[in-house]
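Below are structures written as structure tokens.
Consider the two complexes below, in which chain A is the common component and chain B and chain C are the respective partners.
== the complex of A and B ==
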């Protein structure tokens, strides 16, 4: 069976795995701990696809009808 | 903010007799309360160890004073076990599921293990176990013989209110308790209970907790007589019967008497817990009033949950009927003098205001802006009366507080239920007025959803400086004109105010000097412009557009289509034949008519633009001016609507009759074609559906045609048309139905089909598919409906009523759930949305960080408009 990349689907927003430096920067800019971020499971299909591990931060870029693009961050949890 | 104690978990279970005894501070053995000297009797129902309510005394258990001591439970040892009514159903289920001999749950070991697994899984997932547990009992009951000891089982019948009959014998509470005690812990788990916190035998009481006196205080009547709480009365009954029971049993009384007393004890404990058990006569007070016992305190609208915890009563509030006053600003509220003298604002006396404060105090509490109370620096409160006013005024010192009566200019919160959105509570400035109703500008009716058919509203007076500041900055009416829901003004002209503006500004209405003075007399800072012209007699006249322009801010530029614009293929703009294209340049109306699209609630384009460009203060001033001008505009023109406004000339009636006859004929032809099998089905439809659709279409078109015929004869000089066209009230469809033809009545979007076999009413033949037989109403409301039409109309009308009734309850519940889920979310200063633990919900409010009330009717951009405005300024 042919394998598909989830992110190729038009309705799946772009998920980008942040490096430790990048995620620290995000946390600092919002002035919060990683525990205060919204969560996403390691078992989430997209997280599996991009190889996220527990404790990583995923940047999600969604299309928005009012602002063009909206950026969202999630902490990978077990 | 720090939380003093965090609740880790709440566990629900039954309290064991041992636990009841452990938490008890005293065993109650006597039914007496106070001795002859008025002192509480030891080991009686008012034992001082149960807590204190009398001021000056200290609790014998904790040493606390009244108010500090929470009260302590006592207990009564019951002579024989008694069923707890709340568990009657569960006791029945368990009795039927366990063996009568060995008390084991009558399921095989394998089944038990399977059910425990399922229950544990559900508990881990945080879901309810009711379904599984019910299945356990249903399966266990099926056994006629115990799988463990092979004892044959008997049917157990439950007899209302509280009797379990097995094989013709009534099981006593002791019997049941004995059986339950023998149930092994493992079996209790299968029944969905945790044997550590809830053993089944604890559902039969052997110890009764006696609630502390703090929750059943006695009150001393004026006569000096003590009056006890309902719970105390009930407890007295319980102790008396318990004692008699014991005496009789020790004396070896006959079984019959013992059983009677046992039943009586059961009755008193049942009603002590719940006085509304069906089949149990409610315990009554000597006066005949049913007692309010434990569950009555919790249940229902006035119960502890809905009445005391979710809803609380407040001071400094007032409620009365509302009525309109267009001469008030939208920011004001008229408060009756009587209410103003009852409510007060606390003011602190300082060296700088002391003389003014003295003036207030001197007036006493009977002359209007007076003072009701003063609070000295040491916290002592003194009521100000006519007699002590002068004296108190002289004593006044800085640091004291006076409760000054409500007066003009005070800020108050005004509210109308149901408070569905934030505009249901707004702050207004007080204007004290005569008479007994709250007065408000009708332009603020839409956010409150108020009308004046007897609506009542609430008023609250903020008591601290912070509360007043918040009320003034965040909650003022003028700060809430633009709705965060759709980005347009929710406040604006309604009904006659829209009509008034329409009449004033439509076409070229000439207004003479006297009339101009009349229209403008309540407006401030108005300079009357040069007359638009002079009439034949040489008297000057002004146009309505000119007059309306006086309340528009200078420099306002705006063009839009009025609400009655026909949306012509190519708009002639300022050359519009109907005067339906509004153009405003530099605050002057160049052309067009002011109607609902310009100043109405929910749509007012002018209101919207004025607020967005000049701020809420100018916006509020504009609405104030608009209402005052409109009310005089409509009086100037005169406006009424009567039954003869629905009259249409005979030729119009004939034309309508022709249209309807033609429609009837077409429907007949359709039916004939259907019967002959010549009807072509529409794509994706059956033949029957096609016929229905074609008939509906034909009749719908016919009704529209009658409407346009009537419309041709009802011109702009007709009041109904003026209201419909200006957007004030009603629509052309309403007028059509009144003057020409009511049209098809429907149920669930279809023609009416229900009724008798093969027909809707006995007046028609079976199988009649014609218009009349299925709810088409040819008559107009003016003509009146014939009996069959009337009946169909009632069917269609009822559907509307049922729909609204259902919709409001459903959407109300939906809204409650949403609000409960979202109420603690907060937009932070950095634009993120966080909940109370600080967890981010959105990184930018609404994904775009835009305040909906600041953008044009929810359109995502207003850049073009701003660019235009800047360019215009550059050019000037």
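== the complex of A and C ==
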């Protein structure tokens, strides 16, 4: 079995697990509840890889063809 | 006094602009001498320009995206099923493919993979072909011929020595796989295998033949054909059939650059963000192949909506449109009577907050200036 980090794949952007403080800061800056964020499943292969739990916020740094780089947040759900 | 190049770069980095604009600005300023005041003016103008070109709050971006994708869609050829696209592999293109993407089909009508190989494998045709053969699903007809003996009531398989060597499988292994697949004993002698159905009936014999044909002896089940093509100086494999999870584990395959056109499969194996990227890439490629250019922002919006719940959902009755909160909005889309009947049975309340339902009842819609509310300051 070959070991391969999913985040090395060309289609997968960088996923970063935020601490509670960091995610509070993000929610505050957007003025929203965590329930308003786009979702990501706890069973998502990348979430499994970075060890996310339900309720965590994942920061995603996408390579964007329009803005070069764009930051996106998703809430880990069941 | 002119600013040094380093100083300019540092200041550009600090501007509230997206990275691509910062890069462009940096490149433009590279060979020009600017003073402090000039730089401030440039920065202010660029930032103001950027702000102006952003989408206004309350703008109906969804409608704009729908129109911008829909109009070129009318110019697409209606039936480009199985247009020979890449090498000899048939892929669905044009409008049917676009519909397939936004419908989030579990399995596309022509699943195909693009497999790129690791450095040591990609440059040599023979090594690349070996990888291709080990991936391609091998059945008995690739390895030899099969005949039924009606007198003895058995199936006689003659294996071809060259084919066995080429596909790196031995007659013993073939017999073992056949026995496993049919749960019947397979008598193997040299390159001959004899299999007998449990009951000596004509029907069982024919069924056994069909069964044997479907057994995958080697390679990955579901990958029926692999074609090698040279791209630049490396060899790339194209497959008919898709099995991403298995293929990325293969010796010689570069997992990071291997992909499939099955978006659901990408979602399962690589996650929702990869699925979003796959939707954008597949949709843009489909449109570009037809000579149409749609701004990628519209497609990004579609991909974002399709993936915002953490799984790929379709644009349509069973997805985005079917999940709208308003009864009237859902009823206006498809299966009107069912929605209204169900809502009546449940006693649903419509808050009239969306666009469609307000158009239906004849109120101003909450878009653009219609969404602005004034609150008096006491």
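Everything that follows uses one rule, which is that the second predicted complex is superposed on the first by the 78 of 78 C-alpha atoms of A that agree within 3 Å, B and C clash if a C-alpha of one lies under 4 Å from a C-alpha of the other, contacts with A are read in each partner's own complex, and residues count from 1 in each chain.
Everything that follows uses one rule, which is that contacts are C-beta pairs under 8 Å (C-beta built on N, C-alpha and C of every residue); 3 or more make two chains touch, one makes a residue touch a chain.
Bear in mind the structure is a predicted one, so any value in this text is a computation, not a measurement.
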Applying the document's definition of touch, where does A:70 land relative to chain B and chain C: first, second, both, or neither?
both
A:38 contacts which: chain B (first), chain C (second), both, neither?
both
Give one of first, second, both or neither to describe whether A:9 is in contact with chain B, with chain C, with both, or with none.
second
In the overlay, work out which of chain B or chain C sits against more residues of chain A.
C
After superposition on the shared chain, which partner residues are touched by A:30: those of chain B (first), chain C (second), both, or neither?
first
Taking the contacts chain A makes with chain B in one complex and with chain C in the other, which residues are shared?
38, 62, 64-67, 70
Complex contact set, residues of chain A against chain B:
30-32, 35-38, 62, 64-67, 70-73
Partner chain A, residues of chain C touching it in the complex:
18-23, 248-251, 255-257, 259, 266, 268-274, 277-278, 281, 296-297, 300, 304, 307-311
Write out the stretch or stretches of chain A touching chain C in their complex.
1-2, 4, 6, 8-13, 15, 38-41, 44-47, 60, 62, 64-70, 74, 77
Partner chain A, residues of chain B touching it in the complex:
830, 832, 834, 837-841, 843-844, 846-850, 860
